[in-house]
Amino acid sequence: MITYVVIFSILAVLLVASALYAVIQKDLLAAVISTGVVSLILSVFFYLMQAPDVALTEAAIGIALTTIIFVITIRNTSRNEDETVDNNLEKF
Amino acid sequence: MQNFEQYNSIITTGVYGSAIALILIGLYAVLIKKHLIKIVIGLSIIDAGVHLLFVAIGYIKGGTAPIFSPGNEDAVNKMVDPVPQALVLTAIVIGFAVTAVALSLVIRLYKHHNTARIDQIKSLKW
Amino acid sequence: MKKVLVLVLLVIVGYFLTDTFNLIPFGENRIGNPQDEQTVAGYYLNNTVEKTSVANTVTAIVVNYRGFDTLGEVTVLFLATTGLGSILFRRKEDEEEIERINKPSSSLMQTGSRVLFPLIALLGIYVFIHGHLTPGGGFQGGAIIATGFLLMLISYKNFKAGHTMLNWVESLAGITFVSIGLWGLLTGGTFLENVLPAGELNNLISGGVIPIIYIAVGFKVAAELTGVLDILLNIKPKK
Amino acid sequence: MVISPVHYIAVPLLAAFTIPLLSKYIHKELARIVPGIVLLYSVFVSIVLMMQVSEVGVISEKIAGWSAPWGINLMFTPFSGFLASLMSVVGFLIWLYSYNFKKIEQSQSQKYHILQMMMVTGAIGIVLTGDIFNLFVFMEITAITAYSLTSFYRERDGAEAGFKYLLIGSFASVMILLAVMILYTQLGTLNMAEIAQNAHLIPTPLRATILVLFLVGFGIEAEMFPLNGWAPDAYSQSPGPIGAAFAGIVVKAGVYALIRVIFTLFDIHGAYDFLIYGGLITMIIAETAAVAQTNLKRMLAYSSIGQMGFVLIAFGIGTKTAIIGALFLMFNHAVIKSLLFMSGSYLTYNSLNKKISALAGLGKKLPIVSLLFGLGAFAIVGLPPFSGFWSKLYVLTAAADQNMLLLIMAILAVSIIEIIYYFRVVSTLYYGKQEDEEIKVQKPSINAMVSMLILGATIIVVGVYPDIITHFLNNAADMLLDKASYIQAVLTQNIN
């Protein structure tokens, strides 16, 4: 049980930390990946709270598709938040 | 999960605290950040927080998922509330749709102005 | 200055939310005893198996009890795709060189996605066919299939995701959903009423129209999400 | 098949999903015609149901065979039915107007018409549904079409306006979602009638929280101050007919939701005062801002916000006369503002820029359109022979009954401001000096003309015989005030 709580607490801290990182980070690509991590931890949370349906949805939509459309947008705009240097994404 | 009681306050703080923290972090990004993509990221973090809260209010201590798999048909009394889960499903999909529209607007703004920063797009200053 | 104001606002909002959720204890049983049917949730838990033969209560709620919401939600996705098309629409004249920005990807990637795509699609279809029995369903399965299409879109420059097929799937799935609804209305019941026999619990073919609707939702969601990705990936890069 | 409220939703959805196939494989033109047929069918459904409802009282329909609290239900009451009918009629006229609209490119017209039809459907859904989460879903349908339509034109600053609207709209949906969530934890139900019945069981702090969240969330859609930052941009950047749709349909749905929450869900008295003060501030600020506008559409947008403030005041007074006045105002605003936006959009289309001063002399070049614009301007400020007069009279009478002298003075003062800026436009139209003879005038197409003439005729007919509409308003006001019969109508569904 104690392990459960420890793991849970670590996840909660990670969740908030990655959300913060997503907001602070100037490199938008890293920020978007970090948002994906938020979704990932969120889906673990949903699973722990006995909501497997929601966990699956969050995994498929939040982690995969939302991140992808963000990446596509960054590729079509700018990658750096300050736009001082125009270092666009390597076209993949 | 026998000792759940003992750690209940930790878990409560963990779930509610992180959900509220997500909402606040997202709000901060939307209000302070100047880059449009950052603003959309903020919106989706707010959404994530709200979804977490939504699932959290349906959770019941020691409950099981609301699925009647063979062998646990008698588990009705232990199941968590299925309604918030159903609502969150809807909310997640709607959130994705709104994010997609927002990002397409960002792309178009970038094409018009060659920048995605609010402070350089005149008509977006407010 | 603005930062200070925003921080003050954040403190207020945070206080407000904490205060509110202090009054809503976490993990407390709010649905009462399901047998009493005091709350909506209790009613659902108590009656779903008996009345719809659906093992997954969430599916029963999403597709049957609150099926109208799901119809609206599918519509939101459909409208988002339509809106995306109108927002990112190109005129003929600036369409000279629409070329996907991708460099042709490596043959490893191409072979890999060709092998993976059927597997992903199969997984997605499995997820939404079993939506009434196990966790998962139309949205999840549809989204999984869309990620499969994403792989194909990225690795094959000229993979157009079969626009004709996409259109057909999108429209037919939507029409199926609404038609099942109207079927209920035509047979003298109500819109979206479960007109087929419920069948036996935990059989693949059970739950009346619920699995049919969820499969339609799955195809619809897959088609819409692929449509969104296709539109976004086809944007002409800036010079 | 018996006509029932669900046709309002099911038929447009079926059409929306079918149109892509029809236009591709049968005929391209179907993409533009089918939405019109569907909206016309909605008008037909409205007529049939309005006739039924005046006999039965309330038409309540359950969805998916589950009665009231377990499933979702649609409520066609005299109040919601009146608004749904109004929306379907205005929606059809907007379709008629924008069929062949010059500025919408051929390749885009399919998307435009689908989005416009679904905007109307979403708004009707908001009005009819009896379930609070379902209301949220319909609000998102309306919102997402509104975002796309705001940024429909490529060449203008549409994307900025659309993004602004989306940002504010997202806040609204987060708040509504939070409110629904807290509500659900307290009552374990999402059905509005059951919520209304049990709302007094919620502890006071939580009830206040829910109410505030709902008011802010729906206040954004209803253009209430200070939550209306999106409105002027959205109105002025969107295509002309969509400006009319915002004024005639989307905002109406927002006001409906606000009123439903205050009158039916939470019958708290402080909320009425809140409506009066909120409405008063909104009205005064918006009307003052309208005077300062040089852009015609922005001026109309601010005027629209001001009118919505007036509607909120009227609801806030809360007596039966006031509610009749408020509903009459909503009717007038839908009809007159649509006419103003439609005719105004042809006027600006034929001027060099969107400035009011550029309209000089158009009165001679576009006589009928200018005449209709003038008619709308006279009607909305409330000059006697037109319909706008009666609604103002109702509200003023109600205010006088309640001895709200300051309120009456404020309303009259605002009316004078309105007169100033509308007459400025009309006088520019007719007496302004023409600067450029060269402009080739683009005459509106016949269908647009018909649509505007119908609206113009409505203004005059209702102005002369207000009784044809007050009958419906009377029933609607009764229904809104009679919370108990609403609850009863929903919760006794299970019996039949």
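To keep things simple, chains are lettered A, B, C and D as they appear, and every chain counts its residues starting from 1.
By definition in this document, a contact is a pair of C-beta atoms (placed from the backbone, for glycine too) under 8 Å apart; a residue touches a chain by one contact, two chains touch by 3 or more.
On a predicted model such as this, the values are computed, not experimentally measured, just so you know.
The interface holding more C-beta pairs in contact, when B-D is weighed against A-B, is A-B.
If you average the Cα atoms of chain A and of chain D, the two centres end up 39 Å apart.
With centres taken as mean Cα positions, chain D sits 30 Å from chain C.
Chain A and chain B have Cα centroids lying 11 Å from one another. For chain C, residues that reach two or more other chains under the stated contact definition are 24, 30-31, 40-41, 44, 56, 58, 66, 69, 73, 76, 79-80, 83-84, 87, 135, 139, 228, 232, 235, 238.
In chain A, the residues that reach two or more other chains under the touch definition are 51-53, 57, 61, 65, 69, 72-73, 76.
Residue positions 4, 11, 15, 28, 36, 53, 56-59, 65-67, 83, 85, 87, 89-90, 92-94, 96-98, 100-101, 103, 105-108, 110 of chain B each touch two or more of the other chains. Taken as a contact graph, the chains fit none of the simple arrangements: neither line, ring, star nor complete graph.
Annotation, chain-chain contacts: A-B, A-C, B-C, B-D, C-D (touch as defined at the top). Residues 51-53, 55-57, 59-61, 64-65, 68-69, 72-73, 75-76, 91-92 of chain A are the ones touching chain C in the complex. By the touch criterion given at the top, residues 56, 58-59, 101-103, 105, 127, 135-137, 139-140, 143-144, 146-147, 150, 154, 225, 228-229, 232-233, 235, 237-238 of chain C touch chain A in their complex. Of all residues in chain C, only 16, 19-20, 23-24, 30-32, 38-44, 64-69, 71-73, 75-76, 78-80, 82-87, 89, 91, 167-168, 170-171, 174-175, 178-179, 181-182, 184-186, 189-194 touch chain D in the complex they form. Remark: chain B residues 4, 8, 11-12, 15-16, 20, 23-24, 27-28, 31-32, 53, 56-61, 65-70, 73, 76-77, 79, 81-83, 85-87, 89-90, 92-94, 96-98, 100-101, 103-105, 107-108, 110-111, 114 touch chain C in the complex.
Residues 30, 36, 39, 43, 46-47, 50, 53-54, 57, 83-84, 87, 90-91, 94, 97-98, 101-102, 105-106, 108-109, 112, 121, 123-124, 126 of chain B are the ones that touch chain D when the two sit in their complex.
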